[in-house]
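The same subunit A turns up in both complexes below, where it pairs with subunit B and then with subunit C.
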Partner chain A sequence: MILAYGLLIIAGIVLLYLAFKTGDRRYIYLAVAFYVIFPVLITLNLPAEISPEVRQLYEAVDSLPDSSVVLLTFDYYPSTLAETEPMSRAALHHLFRKNCRIFTMTTIPLGGPSIAERVTRELAGQYGKVYGVDYVNLGYKANYVAVLKGMGSSIESIYPADNTGTSLDKLPIMKDIRNYGDVDFIFAVSDNSIIDYWMSIVNAQYGIKIGTGVTAVMAPRYYAYLSSGQMTGMLGGMKGAADYEKLVGKPALAAKGMAAQSLVHLFIILSVIAGNLIFFIEKRSRRREGHR
Partner chain B sequence: MKTTVPIIIAFCSGFIMIITFFLNPERGFIGRLEPEVLNWVTIVGGFTLLLGVVSIVRINYGAIKRKSENRGYKLATLIAVFAMAIPAMLPTGMSPLLGTQPGSIYDWLFNNLDAPMMSTMFAMLAFYIASAAFRAFRARNTEATLLLTTAVLVMLWRIPMGEIFLNSIHHSLPGMINTYVMSGANMAVQRGIIIGAALGAAAMSLRILLGIERTYMGK
Partner chain C sequence: MSLVDFLQTWIIAFFTLSLFSFLYKDNPFYKFAEHIFAGLSAGYYVGLIWHSVIIQQMVDPMLQDGRWWLIFPGILGAMMFSRFSKNYGWVSRLSLAFVMGNTAGIFLLSELHGKVLPQIQSTMLSVDLKQPIGDLVLSIIIIAGVITTLIFFYFSKEHKGLLGGAARVGIWFIMISFGAHFGYTVMARISLLIGQVQFLINDWIGGTLQALL
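And then the complex of A and B:
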């Protein structure tokens, strides 16, 4: 397997050379396609250290007492499913295993409720959990700032019914959950800046512990909240999801995707180095010609 | 009138939220008004979605009627809007295929068309980034060199293969990237941006409440 991966890296270098020689960027696209598809066909499990912020989130969830109330958000669009869905799945494995009472919601109209519905029902089936008793999907409501703030007074006033239209007072799980005061932990998985509002409205004003799962592009922004102790752990991108999967003991989509991500990252680094080498060689030869 | 009424509404709504935030009058008149205001905001938010649908229909229908260029795409947009919206809005009681629950037309269209298409569009970024990395990311000056070096280090740090490579140079290198790059320089800059943006938002909110800022009314 190592040999196959070695050959793949050499193929990438050859394709990069061809791209330079011919000026045709399609060679680069072909190399990326190889690097994305190949690891899916032949999985390579690489050892990786668990990030401290992922461990922090895992330990925070793990230390919750049985039957704790946890709000899991699905604040992401289908475009980032590859990074965010593994986070939601790993979180659900952990929460269901701990017999937490889970209610899900989304601030994304396009697909959020459907993703939540599909993922939670699938995993709840594996753990024998019952809808309305062990978990519920509240769905989507417009204007997230008002939704986040309003749930502090009364969840029922913002969500009179769940995603399927069933009134909340008919769902046993919601009997003891009136507002944030009854929520033990919030696990917010998101691909957009809604995390800032979860922190500034819900954590800062109501004091609820919040752990997050965000895309790799967003993660650097939230180190400020981690360092101040406002955020209780974070899963950053596919690496964060893979780490959490490993901690939960359910390596799945993210763990598989890490090999592809590794290869593409290496190829991009190689491209940057090659591009700069060519740039400096050309610059030097132009300067020499200028002297003549 | 067109200006005065929105300014009064904006002032009153903002005033109620500020008072309830700072004074927390749970049982007072203002305290009871807070959830009402928030409910109204979600209702108005719902109507803005409807406004978006009306706007997309008006623009695309007009273009098709005028037989403008690319009208095929505009027709596809309209068909997609109605194919997703109509079955989703009809009550589940009429048929299990209606509504938004699993197994409905909306759910099938979302999971089998919408989600794969959006994921594909986003995934294409990887190809463009690789191409741009080769053709455009140049260490032309000190700032660009610093940026490139940091980017390469962080990219290596975020992948298992890179972690092995960094560990082979020095076992504490991955930890140093976390401490000095992500939790150091990056965090300091991000904190500055967050505080700056928050101050800007507070100033803008105050301008709206006092009626100085009127761009939200199209002025």
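And then the complex of A and C:
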């Protein structure tokens, strides 16, 4: 393992040197590819602390009573699956284990309905859950603002049927779920700004607790909701997903990806420091040449 | 692995590698993958909107439940297509006026009630002398950050003296915020790369070897 780390460091330094010497950024791409591929092939266990906002979300879900009604959203496109799907999977492990009644929905037309269908059916199979009794997939509806507001009055008016076209009144799980008043918790996994509407429309107007899973690009702006107490926990990017996987005891793709994540981050830090050092050294030498 | 899964995996792998090939240089494989993606997305989106909006939310409720009044939003939607005509393009503005008025009405309330007021309240009430010293310092930093950043965006007076000093502190807060955003963006992009590399190694290479052996 020490030999592997040594080789990784040497390769990174050599590629960085070549990149700076030739000015060809493809050496940087090659180094990043190297640091991503290597940990996928060989398991590296790098230490990582669980973030407080992830623990907050885990504890909020964990404290829900048995058979609570939870709305899990799949508001993401296939392009961000690497970050978001592990969140949905970890959430489903936790919710199915707690025997929560889950209904899923999406406001994303491209991929959202099929991702929700694939992931929920696979995980439900592992826990022996029955479709229509323990969980249901409501699918996609256009115009998310109208959907989010309309579900406050009547879910059935927005979703007369589930994703497969079955009328909601034929699904036992939906008998007691009429609107947000019957929902105990919302777990919104998203790769876009719809989180703002979940917070400003559903949380603010209906007072339902909302925990979120968002991509890393989005995470910094949602810390404001966390610190104001409007949001009940957040999973930020692959790190958040990996933390939640660890907490539910099901480390999977996100947890495995974190070693690569850490190595690439170290390489980028090294590149930034080296780039700045070279910049200042060249500036100084140019100034000296100017004095001559 | 079934034949369908096998073919699906190979198609995904082909398009992934075609798109990655751009990192070396622009090439026909990249262009082919890009055009297929654009065409497929547009086709899928049109089909989905036709089914989930026109049929499910307008035609079916009108014909099956007798909700005839849905013809009015339908007409408003159809009016948008008048933009293609030079003489009757103005008709689409009526639909747009409806959308703008409706959107402004909805968002005015939700933004104020759900975002502006709770955020101001939480900033103003964050300082509590009884809280631990660490939290107290953080609360003061948050308040200082909010005030100095707002001063930076106050352009009605020249940034000189006390106002200029506060604005300079505001720039520091903005820069730190940009740094945090950049760090998270790096993490996001690398995550996407990790996801595709995991697919290529585990599903494509691993799955193909498993199927062959």
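Details
Methods note: the second predicted complex is superposed on the first by the 291 of 292 C-alpha atoms of A that agree within 3 Å, B and C clash if a C-alpha of one lies under 4 Å from a C-alpha of the other, contacts with A are read in each partner's own complex, and residues count from 1 in each chain.
One rule holds for everything that comes next: a residue touches a chain if its C-beta (ideal position, glycine included) is under 8 Å from a C-beta of that chain, and two chains touch if they have at least 3 such contacts.
Just so it is clear, the structure is predicted and the values come from calculations on it, not from any experiment.
Of the two partner chains placed by superposition, subunit B and subunit C are both touched by A:A216. Look at A:A224: by the touch rule set out above, it reaches both subunit B and subunit C.
With both structures placed on the common chain, the touch criterion links A:P78 to subunit B but leaves subunit C unconnected.
Look at A:I201: by the touch rule set out above, it reaches subunit C but stays clear of subunit B. Ranked by how many residues of subunit A each touches, subunit B and subunit C are led by B. Looking at the shared chain after the overlay, A:V40 reaches subunit C, while subunit B stays out of its contact range. On subunit A, the surface touched by subunit B in one complex and the surface touched by subunit C in the other have residues 29, 32-33, 36, 79-82, 109-110, 141-142, 145, 149, 196, 200, 205, 216, 220, 224, 227, 236-237, 239, 261, 264-265, 268 in common.
Residues of subunit A touching subunit C in their complex: 26, 29, 32-33, 36-37, 40-41, 79-83, 109-110, 140-142, 145, 149, 196-197, 199-201, 203-205, 215-217, 219-220, 224, 227-230, 236-239, 253, 256-257, 260-261, 264-265, 268.
Interface residues of subunit B facing subunit A in the complex, by the touch rule stated above, are 17, 21, 34-35, 38-39, 41-42, 44-46, 48-49, 92, 99-102, 106-107, 110-111, 114-116, 118-119, 121-123, 126-127, 129-131, 133-139, 148, 151-152, 155-156, 158-164, 174, 178, 182-183, 186-187, 190-191, 193-194, 198. Subunit C meets subunit A in the complex at residues 23-24, 41, 44-45, 48-49, 52-53, 57, 103, 106, 110-111, 113-115, 118-119, 121-122, 126, 142, 177, 180-181, 184-188, 190-198, 201-202.
Residues 16, 19-20, 25, 28-29, 31-33, 36, 46-49, 51-52, 77-82, 109-111, 113-115, 117-118, 121, 141-143, 145-147, 149-150, 153-154, 157-158, 163-165, 196, 200, 205, 216, 220-224, 226-227, 236-237, 239, 258-259, 261-269, 271-272, 274-276, 279 of subunit A are the ones touching subunit B in the complex.
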